[in-house]
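Below is one structure; the comments refer to it alone.
We just call them A, B, C and D in the order they show up, numbering each chain from 1.
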Amino acid sequence: MDAPERLHFEPDAEGDPAALAYTFGGFAPLVSVRPGTVVSTWTMDCFAGRVRSTSDLVSQVCDPRYLNPQTGPFYVEGAEPGDTLAVHFIDIVPRGGRGVSTTVPLFGSLTATAFTAMLHEPLPERTWVYEIDNAAGVVRYDALDSPFTVDLPLDPMHGTVGVAPPLGEVRSSLTPGSWGGNMDTPEMRAGTTCYLGVNVEGALFSLGDGHARQGEGETCGVAVECPMDTILVVDLIKGSPTPWPRLEDDTFLMTTGSARPLEDAFRIAHTEMTRWVQELTGLSAMDAYQLVSQTALTPIANVVDTNYTVVAKVAKAHLPGARAMGGIHDRLRLVR
Amino acid sequence: MDAPERLHFEPDAEGDPAALAYTFGGFAPLVSVRPGTVVSTWTMDCFAGRVRSTSDLVSQVCDPRYLNPQTGPFYVEGAEPGDTLAVHFIDIVPRGGRGVSTTVPLFGSLTATAFTAMLHEPLPERTWVYEIDNAAGVVRYDALDSPFTVDLPLDPMHGTVGVAPPLGEVRSSLTPGSWGGNMDTPEMRAGTTCYLGVNVEGALFSLGDGHARQGEGETCGVAVECPMDTILVVDLIKGSPTPWPRLEDDTFLMTTGSARPLEDAFRIAHTEMTRWVQELTGLSAMDAYQLVSQTALTPIANVVDTNYTVVAKVAKAHLPGARAMGGIHDRLRLVR
Amino acid sequence: MDAPERLHFEPDAEGDPAALAYTFGGFAPLVSVRPGTVVSTWTMDCFAGRVRSTSDLVSQVCDPRYLNPQTGPFYVEGAEPGDTLAVHFIDIVPRGGRGVSTTVPLFGSLTATAFTAMLHEPLPERTWVYEIDNAAGVVRYDALDSPFTVDLPLDPMHGTVGVAPPLGEVRSSLTPGSWGGNMDTPEMRAGTTCYLGVNVEGALFSLGDGHARQGEGETCGVAVECPMDTILVVDLIKGSPTPWPRLEDDTFLMTTGSARPLEDAFRIAHTEMTRWVQELTGLSAMDAYQLVSQTALTPIANVVDTNYTVVAKVAKAHLPGARAMGGIHDRLRLVR
Amino acid sequence: MDAPERLHFEPDAEGDPAALAYTFGGFAPLVSVRPGTVVSTWTMDCFAGRVRSTSDLVSQVCDPRYLNPQTGPFYVEGAEPGDTLAVHFIDIVPRGGRGVSTTVPLFGSLTATAFTAMLHEPLPERTWVYEIDNAAGVVRYDALDSPFTVDLPLDPMHGTVGVAPPLGEVRSSLTPGSWGGNMDTPEMRAGTTCYLGVNVEGALFSLGDGHARQGEGETCGVAVECPMDTILVVDLIKGSPTPWPRLEDDTFLMTTGSARPLEDAFRIAHTEMTRWVQELTGLSAMDAYQLVSQTALTPIANVVDTNYTVVAKVAKAHLPGARAMGGIHDRLRLVR
């Protein structure tokens, strides 16, 4: 293997917040990358760094137009509709030693929201600050209303990874869908390859929303949010479309569905997995449905965003001989 | 610890099928047990043994009135509304060396159903037979339409565990709810303690629907169904209600929600977990919500039954000092 | 037409509340009727008369075991599984000159509930009293917190009409489903014929939950609840099953679906209507689907009960020549 | 009243289909109008005229990028975020004497879709052609598979009416939401005033998707689609935001919600109605909730688009003294 091309990209975190991308689609690419390039960059947290202490409340310090800024978009050379973009995460490391989480009025899974509209007053708005110790691999939870504290395992990931959507749509970086976006799955960690169908020339890939860790489902709607130093390699699978984002790590093949109600997200993820297993093993549709039924793991990714996300996982050990996406994950996992 | 009382209960699997229980509630108890008793028994498979080969189709060999027969009900002495029944599974072992799975017309998560009513013809009806090797710990999947075969890990569990419902209702053993029932979660394995709120005198506990293994979500609606030899210990927590079934194993506390749409099942499980964490740690409601948000695992149990089931899991390691249900799991896990 | 047989049935409203039926199924019939009989009876309100003034709050004056008492069950002679019960409402008249409505903690469509579980405190619990003027045909709404008052048209109906469910289930009178039950549709008014599939011998028909009027959707979960003097005629269509409740009045054919999520209730009602139109007109399935698409009216009945109910209506004028259920509605509407 | 300014706008229906707007947002305005202007224009049908006979199937004759072309956008002078656009429909008349309806593979309410993903084959794809007689006020349904035919009442309306969305999003004209868009409610007929919150300077109003008639719910996903000659008056309510589209006709106030699942669409519409009633009458929130509960009508608009739409209607007769939006409907209804 030749040494890969390398690119460092520095987002303009200090400039005019209006100059950053808060959407997938609708924003001109900032930089161009050739397939195979190792990109090192960093991402701002979902609050653009404006929530800094337990007294900073999102509704007071943040501008709703400038939530979840993305690093990018990257124009991937040669990417065309019908191709699949492969993004392998080499390293995802919290930057700055602190993360924050909050409640946000009328946002989250255990509260009335703008869509699950009710007559309740919003739940209390609070902010938690987590110390992050990269060396020890822990994030420290400190309760606000009692002295309780506990160290939780660090598990850094990106909540938001995506490309420009199809049909000329421009979607908020707070929304997940077939283009990726704000899926908020903890599976998007270092060691994982993410496959995204390309909808427009150049793909227009961007990423953000680093989480030092999150629970599955992201119950309150906000993870341990932090800026992130990230190294990834971008590659391209020509002539092979991917209708919904897929992931692969050393152990699992994964499909995603992002929709409402949550059972539709489940149905998409599992229909996609059934088709993928069928294609990789030569099984009939009904045989693949049966094998998925007995082997799938089904972590919920989020039940808080404008679409909900479900992940279906099948261990590669249960699919002897299967080789996904031409074996690209096995190749990219060796890139350093 | 004194030697526990022991009871062997033999279900009448050879008699009139109409004499078995297919509901929670509405059926007189068959036997009485004292709290603390170790019960050894066995359960028929969900098809009452009538699906025996790949040419047996459910719609042809089964009577819809006699699906998912339960072993029990057991009358638990001293159990009253407001108490919690604790059922600890000591051993769950497939019986007979074979399991079956099927598709069933208009049943499953990737098909139109009687409720998700559509104009499609039903998907094809098929039956798979799995060889089960208890010693090797594997179940063998054999494809029907191609020579593909693979050994999957054995992971025996009960799909259906419950008590009589509240408000005089009688519910089919195919339905999960606040009384337990057909939750179809793989967490109901040996080593797990299941907590069920008591709604009627004697609780009227029963169980069935053994699975040699299942994927989370039980995609096609049918796991690797088999009769099961089961040893469990029944205990009682007086004066402490449990609104929705909870589970505990050596590593996790778990709550369940069974409802439609799937997001309501999620909401129930996570509201219950938030309240449980709050109670066990002394955290405020918002602090507990935050801790659950960063620590919960969220496997979907089923998206196929008349209610869908979601499980929320929080590692006990993240709740230092917490001791659930008076520490009864730690006591019951030592019973042999 | 011969003079029909007549029966007056008096519910035991003054006796032990535990002696009344609060379920469909699970309760022995109180009286037997021959098909064709005109039954005059009355029903208690859903609170069993315990909410009498604006200071009576449901959570304080009602026993949750004794909500929504039903008049019946009636054993219909000759009714067997596979038959359809026809219940034609001749007259439904509020009794006593007053109705009440309330909010109930964690119940309703614009609030967190036991199933749409959230961390909010319940909404305020309030009670409204309506004066009912049968002669003028109005019910008077009086605001609690300001002097606003308005007369609304009287439109009396029964929220709850049903038979014993299939598969040995016993369901709370608060729940609607394929057996009818708490559908809460304003279409269940005098002049309407309700068709219910028979699941057990004798059908075990009962009714209750009179509303002086309600909005579609029954937004807060409680209509203008009042006792009701009701005259109906019971008839039987032998050998013709009805999978989900259907209604007919002089203008419309109507189907119902009761399920969650609400789109499943819609799907059931419209699949049933498509099949009914197909059967009545000889149209192909796709032609019937098309005709329903351009002609159905779709009032939501309730989004508050343990299942939600949607009604699909097609004007008989759009189905020239169609004659539903052997023309029984045209016959029953003449009975006095 | 002075004679209003008048504008005729001719869409470029014969030019490059890529030059038309298929989104809300993301498209430069084609013409500017002053508030108070009477606009006469016409709209292409949702298939851009490419479905012309029963042998034209959507999947064969249409390009998915060019579905549901909009007439506009119109730049409304003086419109700024925080204002409300009022669009009063003076006349909506089918153009050309024919309408078409179709099934579309994996689209509709009684079929698996791209989101309610299943393993079924798509339903059959068919096309129906309707003769429209404007003078007689009827559209003629002709069955494809049998000689059945019936005249249905003409009830012309626009399925799609909207403005640019907030937060820089660009949304397909096939999607409804807070910006209006593809709501598909038959209430959008001549005589109705539609209120839309302005999100960007100039509002960027457009409309399309004429229906000669449709059933509520738009069951198969396609109404009687036809080009439409439309006369409307555009006006502006400064400094008064409207979070979700509202409608008013001579009899009713109406709110809309567009979301998934369908109960969230219901919740939005009824929360909005409760707040509107509260604001118009001075009732407290709980009193308004109660009054809406007893008076709302709840037609489902669509259960087929990427969001589902529910309309809540309250008769103005039940709100004595209420005067919505400063009485603008009463003024616009007199414009000719």
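Heads up, the rule we're going with is that contacts are C-beta pairs under 8 Å (C-beta built on N, C-alpha and C of every residue); 3 or more make two chains touch, one makes a residue touch a chain.
Since the model is a prediction, treat every value here as computed from it, not as a measurement.
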Copies subunit A and subunit D touch via same or different residues, half shared test:
same
Contact-pair count is greater, between B-D and C-D, for C-D
Using mean CA coordinates as chain centres, what's the gap between subunit B and subunit D in Å?
47
Taking the mean of the CA coordinates per chain, how far is subunit A from subunit D in Å?
35
What is the distance, in whole Å, between the centres of subunit C and subunit D, each centre taken as the mean of its C-alpha atoms?
33
What parts of subunit A, by residue number, touch at least two of the other chains?
110, 116-119, 123, 260-261, 263, 267, 270-271, 274, 289
If you look only at subunit D, which of its residues touch subunit A in the complex?
22-23, 25-26, 64-65, 114-119, 167-172, 257, 259-261, 264, 267-268, 270-272, 274, 285, 289
Subunit D touches which residues of subunit B in the complex?
110-112, 116-121, 123, 261, 263
Residue positions on subunit D within touch of subunit C in the complex are 101, 103, 109-110, 123-124, 126, 128, 139, 141, 143-146, 148, 150, 152, 213-224, 260-263, 266-267, 270-271, 274, 281-284, 286-287, 289-300, 303, 308, 310, 312, 318-320
